[in-house]
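Several structures are given next for inspection.
Same chain, two partners: chain A is paired with chain B first, then with chain C.
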Partner chain A sequence: MPPLPSLGRWALGRVLRAVGLVGAVLLVTWCLVEALPGDACSARLDPDLDPKAFAAIRAALGCDAPALTRLSADLARVISLDLGVSTSRHVPVRSLLAQALPASLVLGGAGLAIGQGLGWASALVQAPRRGTALDVGVGAVTVLFASVPGFALALALLHGALAFDPTWPATGTSTPWLVPTFAERLQAMLLPAVALGLGAAALDARVARSALVGALTQDHIRAARARGVGESRLLWRHAVPNALLPAVALLGLQLPALVSGAVVVETIFAWPGMGRLLVDAVHAADAPVVLGVFYAYAVVVVAGGVFADLAAVLLDPRIRLAT
Partner chain B sequence: MSTSRKALWSVCLSASLACDDNPPPAPPSVAMGDTLVVGVGQDARDLLAPLAQSAFDLALLDLLGTRPLDVHFDCELSYVPGFAKEWTWSEDGRTLDLVLRDDLAWSDGTPVRARDLVLLGELIRDPAVGSPRAANLAQLTPGSPEAVDDTHVRYTFEARGQPTIMAANVGLLQLVPSHLLDDPALERKGLRTHPLNTTAPVSSGYWQLASWEKGKTLVFEPNPHHPGPAPGLARVVFRVLPDYDTRLLELRSGRIDMMEAVQIVDADKLVAEQPDIKLRTRGYRAQDYIGWNNVDPAAYQAAAAGGERPDVATLPRHPLFGDPAVRHALSMAIDVDRIIADVLTSQATGKAYAVRAVSTITPELCATRDAGITPIGFDVEAAKVALARAGWSDTNGDGVVDKGGVPFRFTMIMPTGSARRVQVSTIVQGQLAAVGVDVQIEALDPGALFERLRRRDFDAAYTGWSAGLWVEPSSAWGKDSDFNFTSYQDAEVQALLEAGSREPDPTKAAEIWRKFQRRIYDDQPYTFLYWMDEIVAVDGRFDNTDVNLVSPWSHLERWTVAPDKVKYRE
Partner chain C sequence: MTALRLAALRHPAVGLGLLLLAGVVVPTLFAPLLCSHPPAAWPTPLRAPPQVGYWFGTDAARRDLWTLTLYGGRTSLGVAGVAALLGTGVGAAVGIGAAWGGPWFDRAAMAATDLWLALPRLVVLLVVTHFLGPDGRPLQIAVLIGLTAWMGVARVVRSELLAVRELDHVVAARALGLRGATIARRHLLPAVVPTLLVWAPAIFGQALLAEAALAFLGPGAGATTPSWGALVAAGAGQVSSAWWAVAAPVGAITVAVVGAHLLADGIRDVVQPGASS
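Coming up: the complex of A and B.
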């Protein structure tokens, strides 16, 4: 058996692979943007535009440069963390990301917390009562929420909330010229976070329930029960820690959703996050912003994977670093 | 004195006047009224006059700026004073002199001067800027416009044309703040990233931009340096809500006061359930049509592969739509009146929000529209006969007419994102099937659709135009225009197009444009469908609202709210 690498060497290897992966994602994204019909300049073409003016716009926005020149310039900007200037909003992509990323992180974080909270709560209700009507009923509800498309859930929540209270700030405060209070910010975030959280909760619940049921049927749990250990203690002290591993793996996969999974919800609730930024950029064929958003996505996705691996190693020493 | 030295002198003079002899007027007291919150689908992009391009950007610029000429539309475009208090044409019709007001100031207090107009012209005409407005000034002589003095600007045109259009081209542009942009060190190629364009424009109009949170809100407040009467509203807020359903919900819950492009079914519900929301219509500026590609797409693309624009007269005709008789038959098979009744008419009130289209010139232009054109009537049997005469009949009994073994089958492209177009395309598909024509529908993202149209890579396209307020049909029908998507060419049409554009007499020009429309209608390069009357919803507490063909929020400075109805108090 070959010797296991140290944690430092393992981490270095993962980081190097991560950098390569991010580079590959950027290259593929650039090629996809290039393959899209039109470009940032043709998105500006309209019937009132004189052909000479259009040619001048192409030159001013750099659309007429050869593809290889643009590729090398774009990649050089990414390597230097410059990311360039948006061709539709004319401000540095970094500043757009700096505004959108925190908004998405806050919303995604809240959605993730709601999802994990609801998911584990339902799993903790279901697992000890496996096969009962309650288990089946809660399971059916989770399947329902997992099946409803995000946009339908978001619109249903929006309609429901405004029918219940027309003044509810579902898409931000109604006095956007005033600095919102903390309570107003929380109110504005509640519906989109719930919309995100309900979808995630359904999956979390199924994975956590499955892991808990598996843990509760293990021999050492049965032995503990035979020794007279209470059900509550069995669940919390013995089953839950053992069920954490698959849940943490899932959490690692869900981390990218903090920034990437809210395209529809952000559009419906007018939340100025990364999803909205990406949709607007795609419509405007704004290649620097699309690249910047995917750059951020790639970093978060890869970092999420590394985080999940590291957490798994720390939670379960049986998992070998050699993986 | 060189132009640049003149400019420098002008700036120095302006600056010295501003500092010493002619201080900016004291800010008038601002009436603290209510706030208007408008829900819009997109954010602003460019707010500097030479760069603004989208309809939304241009509408916002109208809040921020003062144009030399203001417009009034009643059957035809006419002008009222704006920044220019008087204007005169020379006898040869080539020179336009503007006499400017001297009481306007930018929102930073600097007086507005003739140099602001001249620099605007310089920036628009500088290829480094890449201005979408370059065509507006393309007919000016080199060096024009020129500032005769601080309140007098002269435009000299290369040739005489229609005064209304010539004045529109130069008089409807917003000013630029020369005291902030007249800098030799300014890199004009990078003007789009200038803060005046992206974050903090200065204003010469009734309103100034108080804040701009990208993708979220634009907040306008009265410009305290504007000498006119203070606006009746304390604030105008544009909230960016990209999703139509969200905008509608926000309107119904009272969290926005105004939205454009309300769908008819939603308008019916608003009328029935929320009488406090008033509905206004803007008039006929948008039309839908089905364009039939006149030339073979494959041949066009092969000819265009070298990068040059092909001479479409030398290309083979489209195998299905190259024959005008076939296009005429297809128009007979489409029941436009039924489409209007089923899709564009209120089922609650019976009010139609569309009229039949017979050309690309809006019927709002009373003098130019041709009321004598009788729309082609819906007649399935006549359409079948016409197709048979053109050689198309169902020889194998499969329900699809064919000719030489080739079935009459094609794909109609259309843009995504419109419930109306989904409904109408399905109706058209069914109606054409009744005469043995098999239509497949392909919905494309607007960007992808435009590329297909531009490359002429389509058979038929169901799309639309937004009409200007004056007649300028060369984009849609000019033989060298990128936007003549169907590659329609006809010698008589081109001759009329050139004659109409050159004719200075409006009455004679209108007669030419009527002939022009009739000739095109005879050839049916499009099946002209309908002009739509856009519905705008406004909260009923606002008085003096002016929703019209020119703008959904014309003269916002005149909008008021009665004191007992004010919703947002400071």
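Coming up: the complex of A and C.
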């Protein structure tokens, strides 16, 4: 058996791989945009301009430089966080992202918490009663919630709340994040977070249930039961800690799905996060913002994956051997 | 294999899943026979609730939703079907290549898989359709969705084949000097067919949801071709006056995706007993 690498060494390797991944994302998107017709100059310049002036400005802006020169210049810009200027709002992309990122992180965190909470709650109901009507019933509900489109869930919550209380601050306020009091902020965040959380909960419940069932069918559980350990102690002290690991390991893989869900939810609830920024930018054909949001999402997802892996290694040091 | 097939059909989840899928696919296929109003019938009543003759009601543009849902299903189900085939196929090819193509190809394939896994699907789709322009055609959308759906298949196929390639009959085939392509076709592919059968319906369900979300958010995508996602996008603004304009396509999507999930879960139960419960 090879020696276990130290935690610091393992973490360093993992972070380096993550940096490489983000670099690869940058490189691939740059090549993709390069392969498409048109470039930054032709997008910025009036096509009816005098051809001579057009060529002169192109040369001055550096659009005619060799691809490698432009690649290194573009990468240097992105690394120094200069993401260009929005073509529709005429402000630096960086400041748009600086406003949108916190709003998205807060909403995503709340959605993740609701999803994991609901998911584990239903798994804790299901797993000890495996095969009973209750297990199958809860399982059917999770399949249903995993199958309803996210926007349908969000629309139903939105219109349900408005039917219940027409003054509910669900939509129309373009800046729910900036309302004065904490209670109002919480109210504005409640529905989007629940909409995001319900979609995630369906997946979390399935993952947590199968992890818990796996942990409950181990021999040591049977041995503990034979020596008279109570059922609730079996579940909470013997099974749940072991089931946490696969669930945490999957957390990193789940983040991209959470981001996709957030794009829909932010659009429907007019939440001023990155998802809505992206959708608005797509509608306005605002390439710098589209790419800026794309990079920001890639960094957030990759960083989230590092944290999920770190949590998994803290729970089970043996994982260090595998990577 | 025949025994497996019989067992699969007797599994309740497989049966129910197939039933739900057939309930959506069959009416869509026979849409011309089932619709008394052509897709753009005029004039039908404005925002009529579901009733005899207008089974799913009509929307604010006086269109009959029963007709729209059936014809829109052709686009949505077709896109999801192509995406599922493509996703499974690419995933199987990458997985087989990674397991059989030597350490360098393996490393490159797995790096590409990790790269794609790190990107949120809907964000990639929105960005690429943005660069494609507003008139994204269904086939382009289908290919794009398929190209964002192969990573799970590739990882599972690779890890299964790492064990299969050490089996005696595969080692013997290599010792006999069979070509790599022959071994892949005769010995590796059959070993992962059960896995592909589990993943194909799962990707089909994901693709339906992705197509709908994309049409809902996208820059007027699907404006020319009716699809379930485009119907939801059109109906979302009139939920309070005509909820059925959203309920009809959402219901169709949900039934189809539940069917696909049940089918995938049921097949997994049959081919890998003990994997989930």
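What we mean here is this: the second predicted complex is superposed on the first by the 250 of 323 C-alpha atoms of A that agree within 3 Å, B and C clash if a C-alpha of one lies under 4 Å from a C-alpha of the other, contacts with A are read in each partner's own complex, and residues count from 1 in each chain.
Operating definition for what follows: contacts are C-beta pairs under 8 Å (C-beta built on N, C-alpha and C of every residue); 3 or more make two chains touch, one makes a residue touch a chain.
Remember, it's a predicted structure, so these values are computed and weren't measured experimentally.
In the superposition on chain A, no contact is made by A:A215 with either chain B or chain C. Once chain A of one complex is fitted onto chain A of the other, the partner contacts of A:A56 are limited to chain B, with no touch recorded for chain C.
Contacts of A:G131 after superposition: chain C is touched, whereas chain B is not reached.
In the superposed model, A:A110 lies in contact with neither chain B nor chain C. By the touch criterion defined above, A:P256 reaches chain C but does not reach chain B. Looking at the shared chain after the overlay, A:L278 reaches chain C, while chain B stays out of its contact range.
Residue contacts after overlaying the shared chain place A:V85 against chain B, while chain C stays out of touching range. In the superposition on chain A, A:L96 makes contact with chain B only, not with chain C.
Touch criterion met: A:L21 reaches chain C, while chain B stays clear of it.
Shared interface residues of chain A, touching chain B in one complex and chain C in the other, are 36, 155, 159, 162, 267, 279, 283, 285. Residues of chain C touching chain A in their complex: 111, 114-115, 117-123, 126-131, 205, 209, 212-213, 216-219, 232, 236, 239-240, 243, 246, 250, 253-254, 257-258, 261-262, 265, 276-277.
Within the complex, the chain B residues that touch chain A are 35, 37, 42-43, 45-46, 53, 127-135, 138, 189, 192-193, 197-199, 210-211, 213-217, 219, 235, 237, 239-243, 245-246, 249-250, 252-255, 445-448, 450-452, 454, 465, 468, 475-476, 481-483, 568. Here chain A touches chain C in the complex through residues 21, 24-25, 28, 32-33, 36, 130-131, 143-144, 146-152, 155, 159, 162, 210, 213, 253, 256-257, 259-260, 263-264, 267, 278-279, 281-283, 285, 287, 290-291, 293-294, 297-298, 301-302, 305, going by the rule given at the top. Within the complex formed with chain B, the chain A residues making contact are 36-38, 42-54, 56-61, 85, 88-91, 96, 99-100, 155, 158-159, 162, 166-172, 174-177, 267-270, 272, 276-277, 279-280, 283, 285.
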